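Let me begin by handing over the structure; questions about it come next.
Going by the order they are written in, the chains are A, B, C, D and E; count residues from 1 in each one.
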Amino acid sequence: MELARVVGQVVATVRSKGLPHNSLLLVDMLDHEGNSTGRREVALDTIGAGEGEWVILVRGSAASRVCSPETPLDLAVVGIVDQVSSRAGTMYSKN
Amino acid sequence: MELARVVGQVVATVRSKGLPHNSLLLVDMLDHEGNSTGRREVALDTIGAGEGEWVILVRGSAASRVCSPETPLDLAVVGIVDQVSSRAGTMYSKN
Amino acid sequence: MELARVVGQVVATVRSKGLPHNSLLLVDMLDHEGNSTGRREVALDTIGAGEGEWVILVRGSAASRVCSPETPLDLAVVGIVDQVSSRAGTMYSKN
Amino acid sequence: MELARVVGQVVATVRSKGLPHNSLLLVDMLDHEGNSTGRREVALDTIGAGEGEWVILVRGSAASRVCSPETPLDLAVVGIVDQVSSRAGTMYSKN
Amino acid sequence: MELARVVGQVVATVRSKGLPHNSLLLVDMLDHEGNSTGRREVALDTIGAGEGEWVILVRGSAASRVCSPETPLDLAVVGIVDQVSSRAGTMYSKN
């Protein structure tokens, strides 16, 4: 799974069949120091992540399992990060 | 999911079994500022996206869910973007 | 899907169970101007693409759908390109 | 599969349905000399890998098979490495 | 599929459930001239590839089809290469 920061929203009223009307978040992928890599993608959110928060993303056909297996989806929020810690100390803490 | 801009069409009359005769769009992947990354791919479109529009693409085996699960397909348009907004303002607006 | 040019053949008589004896093409991935990216891969062909032709490739587990779902395959030719056109003109035309 | 080194932990109490409460390890992907590539990801661990150890990771929808097929998961530890050896000698040995 | 050269072995006695005890090969991915790209991965081998040989690899969930569909596996040897040839001549020949 990848760590990302929520940075915005994407609005799309015309959607293909099967894509649910959950919110589509604009997310920035993070590097090993927690900075943006410059790669920005769109993730479906079913658990209420807010702007500025760090999230855990699942990529590929497994992402649809947060909805139903028939969903045409390849990136979904599966967790809101509380803390990321390594030997070097705490990289991120929500509060 | 990834954001892309529709830039053209691909015509292929000889197709493998199972690939439907929907239109195949030439799309440019976009970076975090909405500029083309130089990566150009081919996406199946079932919802009528037009040249110049921004679209949301699903990659991998999940893409086929816009048709049927047996479709040999790895990139499909799942949404036509109305607006992309971040803390820094509106990145893209359709009209 | 990705655009590629057929550049050669791969011969492999020892194959794992399930990999069919269709021809295995050596293909060069193409960039947005139609030049080789330097990335060269091996794609299964069931529709008779010839050397020098542009093809459309499907990647990942969806590729096996040109054969049967149990095929251990991740890259397959799904179309022979007739024409690729964008606002800037015709990028490629078969004849 | 990819070789990685366990470097930390990720805590996430808000999780989407289906993501099990196994530990989520922060892992650094390794290059051909066993050094960190700078790419850092999050992997689910069901076999008790410890910080500093080298592990084998499975990516994509196959990763969920260490739990159940419905798990929204794309990176899992499938082995703890004892030794990696090549013609040039032993790259890594656990003890 | 990708072309790679077998360069070594990985030993891992602690494995997650479902990962079979076939040998795990250390493989170097090859560029369009047959040189190592510097990307080194771990592939399951069921057909007896030896060190120094060129192999064809299948990536992603399709890789598990060389074993059983429930295997947590994302890279498998599906062929031992005899010859790779392009318009420019023979790139590789086993003997």
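We take it that a contact is a pair of C-beta atoms (placed from the backbone, for glycine too) under 8 Å apart; a residue touches a chain by one contact, two chains touch by 3 or more.
Please read all numbers here as calculations on a predicted model, not as lab measurements.
Novice: Can you list every chain that touches chain A and also touches chain E?
Specialist: D
Novice: So which chains are sitting against chain A and chain D at once?
Specialist: The common neighbours do not exist; no chain touches both.
Novice: If I list every residue number at the interface of chain D and chain E, are over half of them used by both copies, so same, or under half, so different?
Specialist: Interface between chain D and chain E is built from largely different residues.
Novice: Taking the mean of the CA coordinates per chain, how far is chain B from chain E in Å?
Specialist: It comes to 32 Å between the two C-alpha centres.
Novice: Measuring centre to centre with CA averages, how many angstrom lie between chain B and chain C?
Specialist: Those two chain centres are 20 Å apart.
Novice: List, in ascending order, every residue of chain D touching at least 2 other chains.
Specialist: 60-61, 63
Novice: Please list every chain around the ring, with chain A first and chain B second.
Specialist: Read cyclically, starting with chain A and passing chain B second, the order is A, B, C, E, D.
Novice: Show me the residue ranges of chain A that touch chain D in the complex, using the header's touch definition.
Specialist: 1-3, 31-32, 46-48, 56, 58-66, 69, 76-87, 91
Novice: Sort out for me which residues of chain D touch chain A in the complex.
Specialist: Listed in rising order, the residues of chain D that touch chain A are 7-19, 24, 26, 28, 36, 38-44, 51, 60-61, 63-64, 70-75.
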